[in-house]
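The data blocks that follow each hold one structure.
Below are two complexes that have chain A in common, paired first with chain B and then with chain C.
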Partner chain A sequence: MSTLHIQQEVDTYAGLDSWMHRWEPRLKIGAGLVFVVGVVLLQSPLLAAVALGIAVAAAVSSRLPLSFLITRWLWVLPFLAIMALSLSMGGGLGASGEGLTLAFLVSMKALTALTIMITLVGTQPLSALMNAFTQMRLPHLPVMALLLACRYLFCFRDELQVRQRAFAARAFQPKPNRRTVSVYGETTASMLLGALDRSEQVHRAMVARGFDGRLRTSPPRAINYTDLAKGVFSVASVTLLLLVDRGFPI
Partner chain B sequence: MHIADGVLGTPVVAAAAVVAAGTLVYAARGMKSEDVPRVGLLAAAFFVSSLFRIPMGITSVHPVLIGLTGVMLGRRAPLAIFLGLLLQAMLFGHGGLTTLGVNTLIMGLPALFAGWAFAATRRYPVLPRGFMAGVVGVIGGTLLVVAFLSLSSEMYSQGPFSLINLVLLTHLPIVIIEGFLTGFAARLLYRTRPEVLGIEEQRRENRAE
Partner chain C sequence: MNALEITDLHYTYPDGTKALDGVSLTIPHYARTVLLGANGSGKSTLLLHTNGLLPPKRGRVQVLGQEWAGNDMRRLRERVGMVFQDPDDQLFATTVADDVAFGPRNLGLDESTVQERVHQALNELEILDLAHRPPHNLSLGQKKRAAIAGVLAMQPEMLVLDEPTASLDPLAVRHLTTLLHTLHRQGRTIILATHNVDFAYQWADQVIILHRGQVLASGDITLLQDEALLDKASLEPPLLLQVFRDTPHRPRNTAEANQIIRNTLLS
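This part shows the complex of A and B:
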C-alpha cells in the first residue's frame, strides 16, 4: 500500500459536500473542542447518551457513513468493555449497579469525544486540517514538527509494511522471545536511521531554498456568518446539556 | 497506556493539563529549526510503534517507545510524545482530546527521566542502559496511569479485578519487551550513529570539544 493510498484512506470522505465540510476548519476545531470539554463535564449518564446522539447526528448529517463510524468505534469498544466488566464485577461475582452506571457514563463520553474527533478529521482533507493548525497562531516550530510527523508516519507505515512482507517471506514468526524483540528493536532503529538521514537531507534542501523555520501557507478562508452560526449552535447545544445536568430550571 | 475522554475526574484532567503545558514549554524552550525533523520523526515513530505486534497468549502486545524517545530526544521527548498523541487521537481515536495533557504526562515524564538516566550512566555498556531506559519508561508510565486513576475514583481500585489491577497486570509483559527492544535499538544506533543518542548529550560533547 503506497503512501498516497494510505493518505487517500484517511481522506476517504473529505471530498463530500455537507454543512460540516463547508465549515471553516479553525472554527470547527474550536467548536469541537468546546463540545468535547462540555460533554466530559456531564454527570448524568442519560445526558451523556443524548450528547452521543447529537454527535452521531452531526456525523451522519455530514454524510459520513454509519459503518465508518462503527468501524472506528470498534477500536475502542474492547477497552470500554473491559473497563465496564472491571467496574461492575471488580469485587467478584455479581454486578454492582454503581459500577455499571459509571461504566456507562464513561463509555458514552468516550464514544461522543471519538465521534466528534472522527467528524472533525473526516470532513476535510488532512492537509486542510494541518493548514488550519498553522493558521491558528500556535508556536510555529512545534506546528512544523506536527506537519513533518504527519508526513513521516505515512512513510513509516509504508516502510513497516514492506519490512513485514520481508519478514513473512523469510518465514519469520513473531513470538514472545528474545529473537523477536531483537529483530523488532533493530528494525525500529534502522527505520529511524533511514528516516533521520532523509529528514536531514530534506531539511538541508529546505534551508538551501530559503526556509527560515516558518511555514508560509495560503491565507485562511474568511470566517462568515454561517460558520459563526454553526459554532454558536454547537456551543449552545452543549451549554444546554450542562445546564440541564446541573439542574438549572429551563 | 492511553486514557480516554471521560475516564478521569475534571480536577485531575485540569491539573494535569496545566502541568503538561509547563512540561511542553520546558521541552520546546530553545528549540531550533534543526531540531524539528528529529522531533517530528520520533513523534511519527511513537505513533507507528503500535503496529509492531508481539503475540502473547490469546492477545498481543506492542512496544510504546517511551524510553527510546527519551534516549534520542532528551528534553524534547515530551514534545514529540504530545505530537504523536495528538495524531493518534485525530487519526485513530486512541486516547482523547481532553486527556491529551494527562497522556502527555503519563508518557512524557517517564521519557524525560529515561533520557536522563541513559545519559547519566554513560560509563556502562549501551545495551543495559537501553534496557533500563525502556523499563523505566513503561514502569513510570504505568505508575502514573495508576496514580491518575486512583485520584479520580475509588471505584477504579475496588476488588481483585479492579481496573488498576488489570492495568498493572497487562503492563508486566510490556516492561520486559520494551526494555529489550529499547536496548537492542539503542545498541544498533550506538554502533552505527552514536551521535543520535540524545540531543543534549551530543551538544554537551560538542561544547566540550
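This part shows the complex of A and C:
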C-alpha cells in the first residue's frame, strides 16, 4: 500500500460534516477518553454490550461507514478470539460459562474502546488531532514523537515496499528458512540505521527553522455551548451505565 | 560587508570522516553563488555551517557580518533560510500549510502574521492549492516547492539550498531556475550546492569548486571553461561549452546557443 493510499485511508472521512466532525477536538478527545475509562470499569457484560451499541451508534451517526469500522475490528478480532478460547478452556477459571462470560465482557470493552478511538481519529484530519494534543498541553516529547511517527511511518512503509520490489527483481522468494530470516533481518537493520540518519537530518531541518524543542500550533477554536453539550451528554451516558452497573436505582 | 566569510574552516565527523579541510571563501551580498563539487566534496557540510547547524571545529564563520553563537542562533536562522536536499527531511507536518507555518511560529509571530506569511509563501511558490494536502502526497517537485515555501515564510535575506535540482525532472528544474531568479531579483543572496554543472553555468554569478573538503578554485563562470580544473574536481564541463568547444562562442544558455547557430547558418 503506497503512502498516498495510507494517508487517504487515514483522512478519508475527515472532510465529512456531522455532529462529531463539528465537535471541538480537545473536548471530543477528553469526552472519548472519559467514556472509554467508564466502559473499562463496567462489570456487566450486558451493559458493556450497550456501551458498544452507543459507540457504534456514535460512529455511524458521524457518517463513518459500518464497513470502515468492521474492517478495523478485524485487526483485533483474532486476538479476542484467542483470549476467548483461552478463557473458555480454563484460563484459571475452570472450563465453565464463567470464562465465556468474562471473554464476552472483555471483548465488548475492547471493541467499544476501539470504536471510540476509530471515531475520534476518523472524524477529523490528522493535523487537527495533533494540534489538539498540543493544545491540551500534553508533554511535548510524546506529541512530537507521535507527530513524526505519523509522518515517517508512511516513508518507512514506502521504503519497505521498494525493498520488497528490489528483492523480487533479483528473483528472491521468501521461504520459511534461515536465509529468508537473515535477509529480512539485514533489511530491517539497514532500514533502522537509515531511519536514525534521517532522524538526525529531520532534527537539523527543524532546528534550521528555529525549532527549540517546543511545538507551536495554531490557536484552538473557541469551545461553544454545543461542544459542551456533546461532552456532557457523552459523560452522562457512561455515568448512567456505571450507576446501573453498580446497582443504583435509576 | 560580505554575506559569508569563512576562514580556515575544518570539520571532521565523529566517525573520523574529514569533511572540511581548511576552507576559506568569501561570498558578497546579493551574489548568486554555486558550490560545485562531486559527492563527498564537503558542500553539504559547508552549508550546514552557514545556518549554525554545525559549529566550526576549527576556523571562523562570519555570516552577514558577524559570528553567531548561543541565543543569537534564532536570529541567524531567521535571516538565513536553509533548504535541505531531501524535502522529506524537511516536511514533517501533516499538511503543507502547517509545515510552512512551522518556521514563522517558531519566530514567535502572532497567528494572523503567520497565516499571512504562509499565504504569501505558498502564493509565491504557486502551490496555494496544495495548502491542505499532506506533504507525502506530493510529487518531488511539489515537495521541493513546499520545502522552499517553508523557508521563505521566515523571510530570510539569505537563502541556502542543498542540491536543489537533485532528482528533479527537466521541467521542474526549469521552474526552479525561474523561481531562483525571482528570489534573487527580490534582493536575496543565494548560495546553492550542486554537482549539476549545467545548472551552475546557466544560473550562477560566482562559482566555488570544492574537492575533498578544500576549495579548489573560486571565481566567475569562466572557471567552468577550465576542463583540467573540472577534471581534477571529478566534474564535467557544461554541455553548452562542450558543444561550442572549438568555436569562439560561449553561449550562456540554450537561447543564446540557438541565436549563434541561426546567425552562423544565415551568414
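By definition in this document, the second predicted complex is superposed on the first by the 237 of 250 C-alpha atoms of A that agree within 3 Å, B and C clash if a C-alpha of one lies under 4 Å from a C-alpha of the other, contacts with A are read in each partner's own complex, and residues count from 1 in each chain.
FYI, a contact is a pair of C-beta atoms (placed from the backbone, for glycine too) under 8 Å apart; a residue touches a chain by one contact, two chains touch by 3 or more.
Owing to the predicted nature of the structure, the values given are computational and were not obtained by experimental measurement.
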item	value
Side-by-side fit of chain B and chain C on chain A, or clash	fit
Partner chain(s) touched by A:A208 [first = chain B, second = chain C, both, neither]	second
Partner chain in contact with A:D11 - chain B first, chain C second, else both or neither	second
Which of chain B and chain C A:V121 touches, first, second, both or neither	first
Which superposed partner A:R216 touches (first chain B, second chain C, both, neither)	second
First (chain B), second (chain C), both or neither touched by A:L47	neither
Vertex chain A; arms to chain B and chain C (CA centroids, nearest 10 degrees)	80
Broader residue contact with chain A after superposition on the shared chain, chain B or chain C	B
Which of chain B and chain C A:L147 touches, first, second, both or neither	both
Touching partner for A:F156 - first (chain B), second (chain C), both, neither	first
Smallest distance from any CA atom of chain C to any CA atom of chain B, in Å, after fitting	8
Contact residues of chain A, present in both the chain B and the chain C interface	147-148, 150-152, 155, 202, 207, 211-212
Contact set on chain A toward chain B in their complex	10, 33, 36-37, 39-41, 48, 72, 75-76, 79-80, 82-83, 85-87, 89-92, 98-99, 102, 105-110, 112-114, 116-118, 120-121, 129, 139, 141-142, 144-153, 155-157, 160, 174-176, 178, 180-182, 184-186, 188-193, 195-196, 199-200, 202-203, 207, 211-213
Contact set on chain A toward chain C in their complex	3-4, 7-8, 11, 125-127, 130, 147-148, 150-152, 154-155, 158, 198, 201-202, 204-212, 216-219
Residues of chain B touching chain A in the complex	4-7, 10, 13, 24, 28, 31-45, 47-49, 51-56, 63, 65, 68, 72, 79-80, 83-84, 86-87, 89-94, 96-98, 153, 155-156, 158-163, 165-166, 173, 177, 180-186, 188-189, 192-193, 196
Contact footprint of chain A on chain C as seen in their complex	48, 51, 53, 74, 77-78, 81-82, 84, 86, 88-90, 92-95, 98, 101-103, 105-107, 111, 114, 132, 134-137, 150-151, 154
